[in-house]
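What follows is a pair of complexes built around chain A, which joins chain B in one and chain C in the other.
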Partner chain A sequence: MAIEKVEYWRWTESNWKNPDIPDWHGSLITAGVDIGSTSTQAVILADGVPYAYSNMRTGSNSPDSAISAINWAMKDTGLTLEDITYTIGTGYGRVNVPFSNKTVTEITCHAKGANYIYGPTVRTILDMGGQDCKAIHCDEKGTVTSFMMNDKCAAGTGRGMEVIANLLAVSVEDIGELSFKVDEEPAPVSSTCVIFAKSEATKLMRSGWTKEKVLAAYCHAMALRVVRLLERNGMELDFAITGGIAKNVGVTRRIENIMGIKALTPTMDTQIAGALGAALIAKELVEKKRAKEG
Partner chain B sequence: MSYEKLFETNISSESVKAWKASGKKAIGYVCCHVPTEILLAADIMPVRLRATNCVDSSDAEAWMSSFSCSYARSILQYLMNGTYELDGLVQSDGCMMATRILDNWEHISKKNGKSQFIHQIGAPRITNDYTIGYYKTELKDLADKLGEFSGTKVTDEALKAAVAKTNEVRSLIAQLFELRKEAKVSGTEALRIMLAYCDLTIDEYIAALKEFLADAKNRKPIEARARLMIIGSALDNPEYIKVIEDKGGLVVADALCFGARAFGDQLVIDDKDVLGSIAKYYLTRNTCPRSLDNRPAIHKEIVETCKEYNVQGVIYEKMQNCECWGGEAYYLEPDLKNVGVPMLQVEREEQMANAGQLAIRAEAFVEMIEK
Partner chain C sequence: MIANYGYEDGSGHYYIKIDTSKCAECTAKGCISACPEKLFATELDDFDDEVVLIKEDARNTLQTNCARCKANGEKEPCRQACESDAISFSW
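On to the complex of A and B.
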């Protein structure tokens, strides 16, 4: 009998269309496509307001991922690529967006996107992506004033969380809640390397730890790791978290507890912050150009 | 145009071979606390050792731990694998990591029956009359031993002639920096040109640099999104700066020991104490924060350079395990902030394994500071 293979790391892909915008015709349409190491998002704005987006896994071919993401975002909207006035590519695969007019780094885009999602009071942003995390400071306009990225390691990132999900046979989307089902918060796993953390988790399971306790130890370690990054770059309130890990309360609440602060509550999917920022910058550039041309 | 050799990034042994073919000696040195004037006065070709484009330091790793400085380790690799075929090695105790090059090379060369002139000089980490006096005795000892080795005694006259030549180089490098200020020479080009000084004879270098400067002054300024300064650990890889400049920055100034810091102002000789003048010059110039009492002066110079060169942002590159530049950012960043210049910190290794990580940081930094 064949054993069914379950991909515990797989998170829910989604697309969305703004029900409050019945018709985009006559609007300035701009787009942002964020090709990350793990996920790709496309956001379409109509006059600077989110009109549609998609959020999916990045495939092995970045240009294909960009096309798939924008097509999925445009689904049922009647839009075609020709209707989009300006597109900005961002993320590690930003140079591989075949239909983009310009590329901007995800650091700049996340600050702009977080400014839209959380409002102009945001000063510190923690973006926890698929294979890196960034501490970003910005001003009231969402312009970056300083930033710091983690180095050379997937620990403390989405990919690390996916590895643990598969190891423990727990859906990656359930990790956060499950990690609180412990009598007492365990010590964090000691290793900051995903591979060694995986070995350590295996050892803990063998020694009788429950899955929940291992998850708590792993989320705790991940939180500690990003807190160090935040402290190095300096913490200024208000504070917001973007990226896929922002959806994992096991990590976000622990970051809040360690730092003794509360992160702002998101008003939309935090994973689209980069693509949203790119689309917003695209709109600014078009408006600037139009103003120049009179 | 015969100045192409200024742009040869790979370590070139052509000049060394030609020099040695005439029966003279060529000696490597590490760290810019070794006054090249003394080697020149002994009729020895000084070759500043560097590790540019070293992609594999596995032989050297048997002698120096992988937790040591990869720049120092890669130089040892180049000595071991024959990239450098020299008559010896002179080194100051500039930093602890680089000092291990000498220790290991002395042992390895002896073990392999390779005859080498090996000498280390002590360069004090504080500057006062007493330490300058000590450093002078170290230089005197070096001069005597080099004279004995080469058969050309180091005299005051020979030292003065050498200083005249190195001062000419300093003056040409100052002109190069004027062109950088005018954005006529990129940071990548500038580092290539300054690295060429490591491998060429001083006469070849002066001739080539003069030609280049005559050509370059007619260039149009390079358009860039942001004017940058690069500071930090020993950087002998122009490709590193190219990654930054490919992202829209223009590195118009530096505080690097393979860059501006290796050359400095004119060396003024007091005829009554020629070696003393050299000792004072080398110990008092603000080369790197290895010294215990010159760090505020180095920070001030960096801030002043930012103002003079209209720098919009500083990139602080720190070699992993770098003893000298390990903690300067903590003190320097507030000084730069006071004059409105943001700083980006990046860690690196000698081997360019992290070009992508540097590129994203450089690009985001340029986006942050461009006007």
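On to the complex of A and C.
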């Protein structure tokens, strides 16, 4: 008998091309490629303006993922790799971008990207990625002044969300909305730890809790953990959230409620912040070099 | 830049805070040899300055790694070696 295996954690891959730049004839193309543990993004800038990007899952081979991501981003642009003047690799797989000119850490790139997406008033950035969750403090230029991450805990990470999505057989993209379909916000689960969450969620379901209520309790616990990280690193407004989990309102809205603040509304896909920051830094480096050379 | 390496779990928070702007100007890098657990390593940061960080494989076991120094009751060897006061602990 064939057993159909549904992967509830899968999110949708996407690519985009700027409709306002139908055909580009400018002077400088730069790119950023962010190889994360679960997703890879490639962003292409035309004279510093987002021209195209792709957002896909990281495959088992990082260099191949980088090539697939840049090809998918370039797909409708008519560009080839030779047209890109400078590429920066970032993310945990940053050394595995075969066509990159330089690598820069993801913390630096995320701050730069958030500064572009949300504007220069952003001081605190919460980056919720596939494997880790970071609190970053930056200045008006998007330069990092401090950062803190929790290297042990899956709270606020894609990994943590995926465990719960699989367990309750809901799509990771639906967790947020579903978690608000409760009459009353339940107390947070006692552990956000992915190892214990499974047995705790199973126990709650057995005792008659609905899926929605378990999701609410889990998102609540994750939000509390993340708030502690933000407070420990120092919280200053304006506040913005980047990374894949930024799309999960189940966690983000609860963070806002607990802290009594509102995160800025993004103007583009927050998952590309790292790659966008890398492409922006690439542009700055080329311009600096060109200015020096006169 | 202020870098915080570590974690928080059910038993408490264990972060080592390093002010890397001070490391950029430090030639001795005394923390590296002073740490009995060899937790420090150098890296070139994004501005091409040589700074120190806590090695990746130690970042989620700091409570255990630093337990002996902490039990001593004295100023930790890494902090003793650092002349610019660039290191501090959250616990």
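As a working rule, the second predicted complex is superposed on the first by the 289 of 294 C-alpha atoms of A that agree within 3 Å, B and C clash if a C-alpha of one lies under 4 Å from a C-alpha of the other, contacts with A are read in each partner's own complex, and residues count from 1 in each chain.
Just so it is clear, a residue touches a chain if its C-beta (ideal position, glycine included) is under 8 Å from a C-beta of that chain, and two chains touch if they have at least 3 such contacts.
This structure is a prediction, so every number in the text was calculated from the model and none was measured.
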**Prompt:** Will chain C clash with chain B on chain A after the two structures are superposed, or do they fit?
**Reply:** clash
**Request:** Check whether A:Arg228 is in contact with chain B, with chain C, with both or with neither, and answer first, second, both or neither.
**Result:** second
**Residue contacts with chain A in the superposition, chain B compared against chain C** = C
**Prompt:** A:Thr87 contacts which: chain B (first), chain C (second), both, neither?
**Reply:** neither
**First (chain B), second (chain C), both or neither touched by A:Ser68** = neither
**Prompt:** Once the shared chain is lined up, is A:Asn248 touching chain B (first), chain C (second), both, or neither of them?
**Reply:** neither
**Prompt:** What is the contact status of A:Val144 with respect to chain B (first) and chain C (second): first, second, both, or neither?
**Reply:** both
**Message:** Quick check for you: in the superposed arrangement, does A:Thr108 touch first (chain B), second (chain C), both or neither?
**Reply:** both
**Asked** Intersection of chain A residues contacting chain B with those contacting chain C?
**Response** 104-105, 108, 144-149, 151-152
**In the complex, chain C residues that touch chain A** = 1-10, 13, 15, 45-46, 59-60, 90
**Message:** Show me the residue ranges of chain A that touch chain B in the complex, using the header's touch definition.
**Reply:** 92, 104-108, 143-149, 151-152
**Contacting residues of chain A [partner chain C, same complex]** = 104-105, 108, 137, 144-153, 191, 225, 228-229, 232-233
**Item:** chain A-touching residues of chain B, taken from the complex the two chains share
**Value:** 342, 345, 347, 354, 356-357, 360-361, 363-364, 367-368
